[in-house]
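So, here's a batch of structures to check.
Look for subunit A in each of the two complexes below; its partner is subunit B in the first and subunit C in the second.
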Partner chain A sequence: MKLDFSTEEQAFRSEIATWLKQNLTGEFAQLKFCGGPGNEHRSPQQRKRWEQKLAEGGWSCIGWPQQYGGRSCSIEQQVIFHEEYHRAGAPGRLSLLGEGLAGPTIIAFGNEAQKQKYLPGIVAGTELWCQGYSEPGAGSDLASVKTKACFNETQGKWLINGQKVWTSLAHQADYCFVIARTNPASTAHKGLGFFLVKMDQPGIEVRGIKQITGTSEFNEVFFNNAECDAEGIIGAPGDGWKIAMGLLGFERGVSTLGLQMQFRNELNEIIRIAKQNNAYRDPAIRQRIAQSHAELKIMRYNALRMLSAQAENGTLQKEALIYKVFWASWHQNLGELAIDVMGPEGQILDKSNSGSEYTLNHLQAMYLFARADTIYGGTNEIQRNIIAERGLGMPKEPRA
Partner chain B sequence: MDFTFTKDQQLYHDSVKRFLTAKVTTEYIRQSWASHTGSSAKLWQGLVELGLTAMLVPKAYQGLGMKLLDFILLAQECGRVALPEPLLETTMVATPILGTLAEKDPRCRSLLHKIAAGEARIAVLHTVNNLISDAHNADWLLLPKSDQLHLLARDQVRLTAQASIDPSRRLFTVEWQGSSETCLTSGTEGVALLAFILNCGALATAAQLLGLAEAMLAMTVQYTIDRQQFGRPIGANQALKHHLANCAVATEFAKAPLYRAAYTVSQRPSQADLAISHAKVAAGEAAVLTAKHCIQAHGAMGYTWECDLHIFMKRAWTLDKFWGPAGFHKNRLRLWLMDTKAKIGADQTFSTQS
Partner chain C sequence: MKFVFTEEQQMIRDSAESFLAKVSTSKAIRSAMATEQGYNQALWQRICQELCWQMIHSPQAHAGIGLGYVELALILEKMGYYLLCSPFYSTVCLAINTLLVAGDKAQQAEYLPKISNGLTATLAYVGKTTSHGDNRWGAEAVTATAQRKGTQFILNGNLRYVPDGSTAELLMIAAREQSSVGEEGISLFVVPAELAGIERRLLPTMDQTRKQAEVVLNNVTLPSSALMGEEGTGWPQLKIIIDLATIALAAEQLGGAQRVLDMAVAYSKERIQFNRPIASFQAIKHRVADMMTRVEVSRSGVYYAACVAQQTMKAGVLDSTQARELAEAASIVKAYCSDAYFSNAGDALQIHGGVGFTWEYDIHLYFKRAKACEHFLGNGAYHRERLAAFILD
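And now, the complex of A and B:
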């Protein structure tokens, strides 16, 4: 055990902190604390340029192997990067799904030609990705996808038909990774394929879904004979489920540590308001603030502990299963604390209105967005089933 | 001992419920968001014709002379449909206050006549809120200042709209100058009436919160029956059943303290603080818990603007913070319990008065 960062790691920390300080300026200064819940829609062009700025500085895909354009950073370095990134208030990452999900999947399961074709754009921050998993009838029951992919011999292409939903950033993405049924006679997780599909084509229509925050970050995506090159399928037809599940493992990776720095910023803001408006005098509020702090520390220590184990044996321990339900519930409680601390005034929309009629301030947006934390990426109920069934070895629920 | 409502109370409740369910649909509420005032003269007239504005006005001023207890089920119905009209501020808060002052103050008498006839709407400010709801549609405002209570016409004050998270409840800050002319009461009586305003506001809010909780629960139960995953309705899963069952327990058990509070205001005013704080805490907790589990059971669908659930959730979240949040009311309970004269101890636990 070693709970301090080494001198080299401290130097790495000051390197990224200095870079951010020097570069989150000029046209990028306005992006500070932007691109989070409630303002996902703001400044997309500038944020895409920011991705390219990061790439120029060598700060994209830092955890990827060097041979694919990354920096082969250690777990500790990645932790430090995410902490400093969020401490500086740098904007929400538009390339999150490419860097965190699509890229690692292509590295793990793709062939050499696919790596050559898709990875450089992710590293350079020039090509953005979105994730085509959920469908109207396939939410928690992800394997019941109905979207079909059929290989057309004359065109030499896959033709995709169906609909995806809750697709974050689809309106900005250049590519979508899609799971679709390659064998029409198959059911559940058998007979699925994993496709890399170009978004800019006549066969794809993206429609924004307005959220309770009044903004629109996720979308419906309609596939009507959408084309995908013969080389755009990862693995073989039928491998889709295995690949998709491998990818979900990446979702519980290091980037969640950066999330904690964002959480820390939010908790600090709540404490500042509680002192300012005297909400802290309510003993119940004081207890909840202390509780939030204690649990945030628990999250951090456990994340570091899980990642240490991952660094040692290359895989996340089963403890990783508990992480999503813990942070999602914690963050939702933090939202409730924020809105309680703000009192009746907390019901007033943001006055620094930027054109939209329904403009939430940062903590209001966080409060509403945190309602979704326990839903997306596997609901709390699904997470608890996973903990019980895979973690504790309890009998599976009967399935129809 | 009888905790039930009379036949008359129930019949009237049924007709108000039918009217509100038919008129105040979620389509209606969505239209009101886009309208200039967010209010409808036709709907207000319907509420007047049902006798709602006259109910609590004393008979001497052309009212029906009923009590807050008679109104409590109706307030719950206003919550159930998330009514976007300032009905309860006028009826459950302003009317009882004006009634108290009517004998000695002709302004209050004249205003009560107008309220009963549906010709006056009143908005009410209190220091626990600092914001006043639906003041743009009010003809008169009741405004507190230290131990004084003032009555000003809308054109005597300056309102600044404050857009709210709940688009169907319009909030304002108000700037105003009172004078001896506008002052209705002050001193000991003023302090007592301001406390009464708080209690009436909290009671009306608790009733709405309960109605909102029931509405959210009903629509979510239906959703868990309709929505299929893993080849069966999602409501078949214990995890969701237990969430919604917990909401049902909280909501059902908040009813008794609510009805007891409405009874207490009329029958045992000395215990009103305690009873109303209890009701507000219980109803607020039920509504907030229900909102939390209902959006969870709806999955991502409940997070969309298109799904009607947020109409009710946002109202519940807002009302939970108004007329004293949970911490404020729990503190009032604590003060009562810690008082040296508090009626606690074995011989008081099940006293003859509940």
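And now, the complex of A and C:
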């Protein structure tokens, strides 16, 4: 057990740091600290071009195997990449869902033709993805999805009908991975399929959801006889749940280290404001800032412990279960700390707001958006059930 | 960068686990804690002679094993888990650290081999005070005085909260020049406990699993060979000693927090109400899920801090350029683990319901120990303020 990085790892760190310094310039300079959760609505076109710039530099999908266009980087190198990426203030990744979720799923469960068809666009940063899981009636109870996929023999295509909700970046995405019921008589996690669906088609309508922040990055997506090629299903009809759950493992991957650098940037901004407005003299505020600092520092070692064990044993260990509930709760507290440090001034919106406008500054938006952290990707309550049942072997709640 | 244990470290942890599970049973704890000494002499000798744990991070040149702080932390975690009653913490984490950080070669050569033979020792640095000051565990806590008289030192004062202070055979004492304040004028001394002018009194404690004492110094006359390091400039060293001891205590707290979680989970699976184990109620599941979260976060914190301590003191040799990072790590981990252990102990007691309130069930032993650990060397609020000063001032 040791904390220091090897000479090769240090060299890798300076390679990515230098590349970012040289390329986060010109038209991309204004993208610094732009995007990410709560700010996804900002500069999408330029951020897509930035994805392509990253790809040209060989910095997209670095953890993927080389044969699929990645760099086969070790966990340690990926940790370094994500830390340096966000240390430099590089923009939130628009291709997060493709690189982090869709791609790894296709690599793990897809056939060769699917890999050839879908992976190059993710690597090149030209094709963006979104995730079609939640539905109005299937939130925490995800297995109760009602969206149906029916194979139409005459057209030789799957036809999808139903509605998804909370679909991040659906309005930017070129593809959506969708879980839908292939067997209409089935219930719960049986009879589901995992589909790769093209977004630009008449059968799909995307409507933005105006959020607590006044902006929209989540959407409703309506499927009305939306078409999906016969080859667009991963695995067999009925495998959908297994594949969707396999993907949850990827979701707790290394990109969380990057998230922590964003958190660090936010905490630094809060500290700057506290010093400026003298909030730092308030003993209660001092306690809260120190607590946020201490727990953020430990969070890094939570991640390193989880990733090192995964690299060593090939599977996620029990301790990985606590990761989401811890960072989500921590970040929500940070939002409250931010707004309390700003005091009454934090209630005032930027002067450029007029009439019906509702434009928040970065920390105001973070404060509100952090309410979603403990809800999306498995609510804190669902996370606690999972920790208790899988981590501690507690019995399941008897079904009513 | 590898944040996993080596095979050797896993072996140390596993052997500590199996040994302590056998010897530190509920019965053994209760019989040791009921004595004034507070530990079983035969068991302490086994630990010293057969396992040699007390020498784990001392240099091989002085009868040590020459391993590091990560290995020490693994053993402490298990001691906290099994609530071992022993003078290990006082002897190793307070006294040996003092010898390694502040002692000269001659003092190390004299005392480390004795400790290797089972001698017990402790550190006394906190003076008696009536104020609830901001810095009761820092430099201002040192109130005993040391007055130079020719080649000798005369020590006076009243020291409190000394772990195992009534039984330790060797004392490390911090004292300051008369009328000096703050970080100035502090010196460290090593003295045999049975010396004219030293009076030691057991302080009866709510937590009976680690004894505390008051040490009164009444014109104690010491030769100059008792001085550790330079006269009057001992604070930077004492600060490192306290930070190392703080990290060690957090490792114990981690073990305790894990133990009360395990006890709560086991009990909730056994206890039937409304015709089902209470473990199947979300009210219980969510509570234990939060307990496990606190345990795993504590674990990450302890292993990180132990790595920093290891960098600070490789094979018993001090690298004082690491002092600031050590101090930060100590406060981070002590702030978190203090709150985690106490919350978990309180939650575990609650999950036990009525029986958790009895003397018969063991949960109260941990509940009491958690609060004692929380306050010793500074509670969460104390360490958060120390961090705030780093970040904000």
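Convention: the second predicted complex is superposed on the first by the 391 of 400 C-alpha atoms of A that agree within 3 Å, B and C clash if a C-alpha of one lies under 4 Å from a C-alpha of the other, contacts with A are read in each partner's own complex, and residues count from 1 in each chain.
In the analysis below, contacts are C-beta pairs under 8 Å (C-beta built on N, C-alpha and C of every residue); 3 or more make two chains touch, one makes a residue touch a chain.
Everything quoted here is computed from the prediction, not taken from an experiment.
**Student:** With the two complexes overlaid on their shared chain, look at subunit A and say whether subunit B and subunit C clash or fit.
**Tutor:** fit
**Student:** One more residue to check, A:Asn385. First (subunit B), second (subunit C), both or neither?
**Tutor:** After superposition on chain A, A:Asn385 lies in contact with both partners, subunit B and subunit C.
**Student:** Identify the partner contact of A:Glu220: answer first if only subunit B is touched, second if only subunit C is, both if each is, neither if none is.
**Tutor:** Touch status of A:Glu220: no partner.
**Student:** Looking at A:Met394, would you say it contacts subunit B, subunit C, both, or neither? Reply first, second, both or neither.
**Tutor:** The answer is second: A:Met394 touches subunit C but not subunit B.
**Student:** One more residue to check, A:Asp239. First (subunit B), second (subunit C), both or neither?
**Tutor:** neither
**Student:** Going by the contact rule set out at the top, does A:Lys210 touch subunit B (first), subunit C (second), both, or neither?
**Tutor:** After superposition on chain A, A:Lys210 lies in contact with subunit B alone.
**Student:** Identify the partner contact of A:Asp174: answer first if only subunit B is touched, second if only subunit C is, both if each is, neither if none is.
**Tutor:** Neither partner.
**Student:** Can A:Phe5 be said to touch subunit B (first), subunit C (second), both, or neither?
**Tutor:** A:Phe5: touches subunit C, not subunit B.
**Student:** For A:Glu269, select first, second, both or neither according to whether it touches subunit B, subunit C, the two together, or no partner.
**Tutor:** neither
**Student:** For A:Gly346, select first, second, both or neither according to whether it touches subunit B, subunit C, the two together, or no partner.
**Tutor:** In the superposition, A:Gly346 touches subunit B alone.
**Student:** With both complexes overlaid on chain A, what's the closest CA-to-CA approach of subunit B to subunit C, in Å?
**Tutor:** In the combined three-chain model, subunit B comes within 5 Å of subunit C at the C-alpha level.
**Student:** Considering each complex separately, which residues of subunit A are in contact with subunit B in the first and with subunit C in the second?
**Tutor:** 381, 384-385, 397
**Student:** Can you list the residues on subunit A that touch subunit C in the complex?
**Tutor:** For this pair, the touching residues of subunit A are 1-6, 9, 76, 79, 271, 274-275, 280, 283, 286-287, 289-291, 293-295, 297-299, 301-302, 304-305, 307-309, 312, 319, 321-322, 325-326, 381, 383-385, 387-389, 391-398.
**Student:** Using the touch rule from the top, collect the residues of subunit A that touch subunit B in their complex.
**Tutor:** Residue list for subunit A touching subunit B: 134, 137, 139-141, 144, 165-166, 209-212, 214, 218, 282, 284-285, 332, 336, 339-340, 343-349, 357-358, 360, 364, 368, 371-372, 374-376, 379-381, 384-385, 397, 399-400.
**Student:** Could you please specify the touching residues of subunit C with respect to subunit A in the complex?
**Tutor:** 1-6, 9, 70, 261, 265, 268-269, 276-277, 279-282, 284-286, 288-290, 292-293, 296-297, 299-301, 303-304, 306-308, 310-311, 331-333, 335-336, 381, 383-388, 391-392
**Student:** Could you pull out which subunit B residues touch subunit A in their complex?
**Tutor:** 128-131, 162-167, 171, 228-232, 234, 237, 239-240, 288, 292, 295-296, 299-300, 302-306, 310, 313-314, 317-318, 321-322, 325-327, 330-331
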